[in-house]
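Both complexes shown next keep subunit A, but they swap its partner, so subunit B is in the first and subunit C is in the second.
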Partner chain A sequence: MDATLRSYIRKIKMDQIITTYCHLHDNRVIVNDRLIFYQENIVKFADLLKSVYKQEQITYPKFYKMDILSKLGFIAAELVLKDNKLEGYLPEDVGVVMSNSSSSLDTDIAHNETIRDRSSYFPSPSVFVYTLPNIVIGEVCIRHKIKGENAFLISETFSSNLLFSYVNELFANGRVKACLCGWVEVMGNTSDAMVALVENTGRDLQASVTGFKPLQFNVDNLNLIMTRN
Partner chain B sequence: MEKEMGRLTRVDGMKPVYILNDSIISSLGFSTAENVAAIEQGAIGIRSVTDPALFPRPMMLSPVDTGRLNAKFDEVLQFLKKSTPPESFTRLEKMFIVSIHDALKEQVVAPGNSRTLLVISTTKGNVDLLEDRYKAIFSHKRLYLWELGRIIQQFFGFSNPPLIISNACISGIVAMMTASRFMQSGAYDHAVVTGGDIASEFVISGFQSFQSLSLTACKPFDLNRTGLSLGEGCGTMVISVHKPGSAGAAIRVTGAATSNDANHISGPSRTGEELSSAINSAIKQADLTAKDISYISAHGTATLFNDEMESKAIELSGLGHVPVNSLKGYWGHTLGAAGIIESAASVAAMKKNMLFRSAGFETPGVPGSINVISNQQQAEVNTVLKTASGFGGCNAAIIYQKD
Partner chain C sequence: MEELIEKLKKEVIEQLNLEDITPDDINPDSPLFGEGLGLDSIDALELIVLLEKNYGIKIEDPKDGKKIFHSIRTMAEYIMEHKK
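Presenting the complex of A and B:
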């Protein structure tokens, strides 16, 4: 498919590492290879997110106002960035690059329900504002005071080539010193989130305190953590 | 050789990125030339529209002419000898196809070339297909932006899958920026960058619920501005690492950056510092200073807070003296198309050495000290700064420069 992109990737320098990652899928949450949350019989995905929020003792009332896509990205970013992982970075040196398949379609359908019937036509700004996929980036930026590069990319399925090459370019040209990147997908009852913190080598030591050996930031490792269950 | 420049390290050896051709579709016309001629004559495409399928009451809108769109689309089908029935394409797909065809008609780059990238910018894609009236005609799959991308890719035979950007109102600039970056670093040699959005009941009802729609044609930067006017649009820019052979100075993309306010998801920064930071990064990357900028094509939606924020950001970046306009007074806010069509119009301003009047602006009404263009005038336009900001707190800036 994207042979041109792949041949470009084979030639570029890779100097970054994934110091922390989170994969949130079905009824489980994995952070740096460790299962930190598991719950059987989850009926609604929103309930799972709420349970993780409680388990992790997060206090951020705005969480409850978010749509599911933003809640998902918010929780994943929260788990990745806890313990002040961004300490020492200037807000404008940190980027956020996210991707997914359905854009904000899940919430689009919710907004559409408020206008379908002219006799009960009640579009609401609090729903409408979430009908853009990059709002999740905005929520994460507000929470963690991130002011650098941001972009939301759409692909049918997770594209490690696209995500890697986009973020690699940001580092290669000094546009970021740290970057959150990943996949945040919600559609009906299916959802999947992977968020990774990418940093320049040299941050290895701090990360390894938790027992997790940072991974080289490359396509294979993005695919690997995306399939960690 | 690397030169330290604060946030950005300029890496020498980056390939130059030239603008080869462009196209604009809006209420004002179906090519860049038609649109620019209309703007020069002071034509305003925003008008009162009564269409119960879009909104229960009359509203101000800048719509693309449906009859002409369909006629243009049929011409494209005939020209390319396609037997696909026109009704199998959505309104937005037709706009994208007509615009890309217009931009590619001089065969500036080949879609099938493996070194050509297609980049698509849209905020809502085929969101109108959520309406019950379309359910029997188009499949649910068509609501996905990658499916929209696949249809455009297949129509023209692009060999690479499209790169799709959906980043609110900065999408168009992010698309241009992303294509340029991939070309500067050698991943691709050419790119067709296209952006579009339609007026839908979905989007109109949403902006209405925010009470952000103006009851008159919008008035960017004016004291009496009361909100934005929505518009339909689609634009395409064809860019390449190869210098165009045409006469006149070649125009390049020389810098671009994004930033986030980290303040509010639906309201802009109070200070404008974050947009200013994106502007400064883009200018530095282009190896320029604020003094070098000849003209700013601002976002200028004409909402109270957007225009306030932008004026502060422009002043903060030391650009308060630079002539600035918003083209949204002509064709409204075209969302995912805005960054592309306003970039194409900026390129026209450079070629013509012309500064277009900021339509709707009469009385200064923003806190930042800025130089809004109130009369059309000839001027050297060598370096343009184009900016945008959007929901989610995102900001973007891009620099176009004559060689």
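Presenting the complex of A and C:
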């Protein structure tokens, strides 16, 4: 059997599903179709993230030191991976693929503020370390002991095609057995996050416990959960 | 000295975003790194910036950092000695 055919057979045998997802948008947080948090009159997005952190009784002091982009990705991943969802996977078999439009520009601007005035030149090391978009992936990986493939993709708007094709390829090539993927965008007052856990269908799935029917991992369903609010 | 220690506690909490910690939680003689407040290497850099920004003190030799930043009290003592 030639390599192309072997690859094709492997691809058609693969069937991935979204077992859990989270969408944070407009002062509300949805997990698997359920509204788990809503608060009116939140002026700063950081305050919303802090409220969710406290509501979910997360204890991870490093959270307070993160920039908004990392806090956003961290909270979304935390909600998706709750109840040991990665139990049974080797750290090397779990991937993380995130995407957004503004990269780390929001934090880049904050860093620039600390170095703009030459007479008051005090760059903050803790701000500077977040001037890359993939730091959010690092924070999630440290928290959940993930050591697999990772990538941060930039596109002008949310691209389910880009995300799907990249993650699908990772599964097809056997690089991951589970993958956290999504969109984590922060720029000024605009923020939006959607994070989904994609797994192979063969696994004993627990998602149905919450009443959520896992979704086929495809472009349409990525678009669907991105608009759930 | 005690006044400076209390001021430093507040500044360290603010600069390092130690959200769940109040000044009363910080023992001025406890180590800041390791078992104490559990600070990391980025926090150490922030403390260097804090000394320069708030007190005009520049640490020339990084090796001195270990001694200076051992605790809030050693920081206060260093500030008293070197404040311009």
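Observations on the structure shown:
As a working rule, the second predicted complex is superposed on the first by the 212 of 229 C-alpha atoms of A that agree within 3 Å, B and C clash if a C-alpha of one lies under 4 Å from a C-alpha of the other, contacts with A are read in each partner's own complex, and residues count from 1 in each chain.
As a convention for this text, contacts are C-beta pairs under 8 Å (C-beta built on N, C-alpha and C of every residue); 3 or more make two chains touch, one makes a residue touch a chain.
Just so it is clear, the structure is predicted and the values come from calculations on it, not from any experiment.
On the shared subunit subunit A, the superposed partners subunit B and subunit C are arranged side by side without overlap. Once the two complexes are overlaid on the shared chain, A:61 sits against subunit C while remaining clear of subunit B. By the document's definition of touching, of the two partners only subunit B reaches A:116; subunit C does not. Within the superposed three-chain model, A:102 lies in touch with subunit B and out of touch with subunit C [touch as defined at top]. Contact with subunit B, but none with subunit C, is seen for A:142 once the two complexes are overlaid on the shared chain. Touch criterion met: A:173 reaches subunit B, while subunit C stays clear of it.
After superposition on the shared chain, subunit A has more residues touched by B, the comparison being subunit B against subunit C. In the superposition on chain A, A:35 contacts neither subunit B nor subunit C.
For the pair subunit B and subunit C, the model built by superposing on chain A gives 7 Å as the shortest CA-CA distance. Put simply, subunit A uses residues 123-125, 129 to touch subunit B in one complex and subunit C in the other. Subunit A contributes residues 1-5, 8, 11-12, 91-93, 96, 101-103, 105, 108-109, 111-112, 114-116, 118, 121, 123-125, 128-129, 131-135, 137-139, 141-142, 144-156, 162, 165-166, 169, 172-175 to its touches with subunit B in the complex. On subunit B, the positions that touch subunit A within their shared complex are 7-9, 11, 14, 56, 114-115, 117, 123-125, 127, 130-132, 143-147, 149-150, 159-161, 163-168, 174, 178, 181-182, 185-188, 201-202, 205-210, 257-266, 274, 277, 281, 390-394. Those residues of subunit A that touch subunit C in the complex are listed here as 61, 64-65, 122-126, 129. Subunit C contributes residues 16-20, 38, 42-43, 45-46, 49, 52-53 to its touches with subunit A in the complex.
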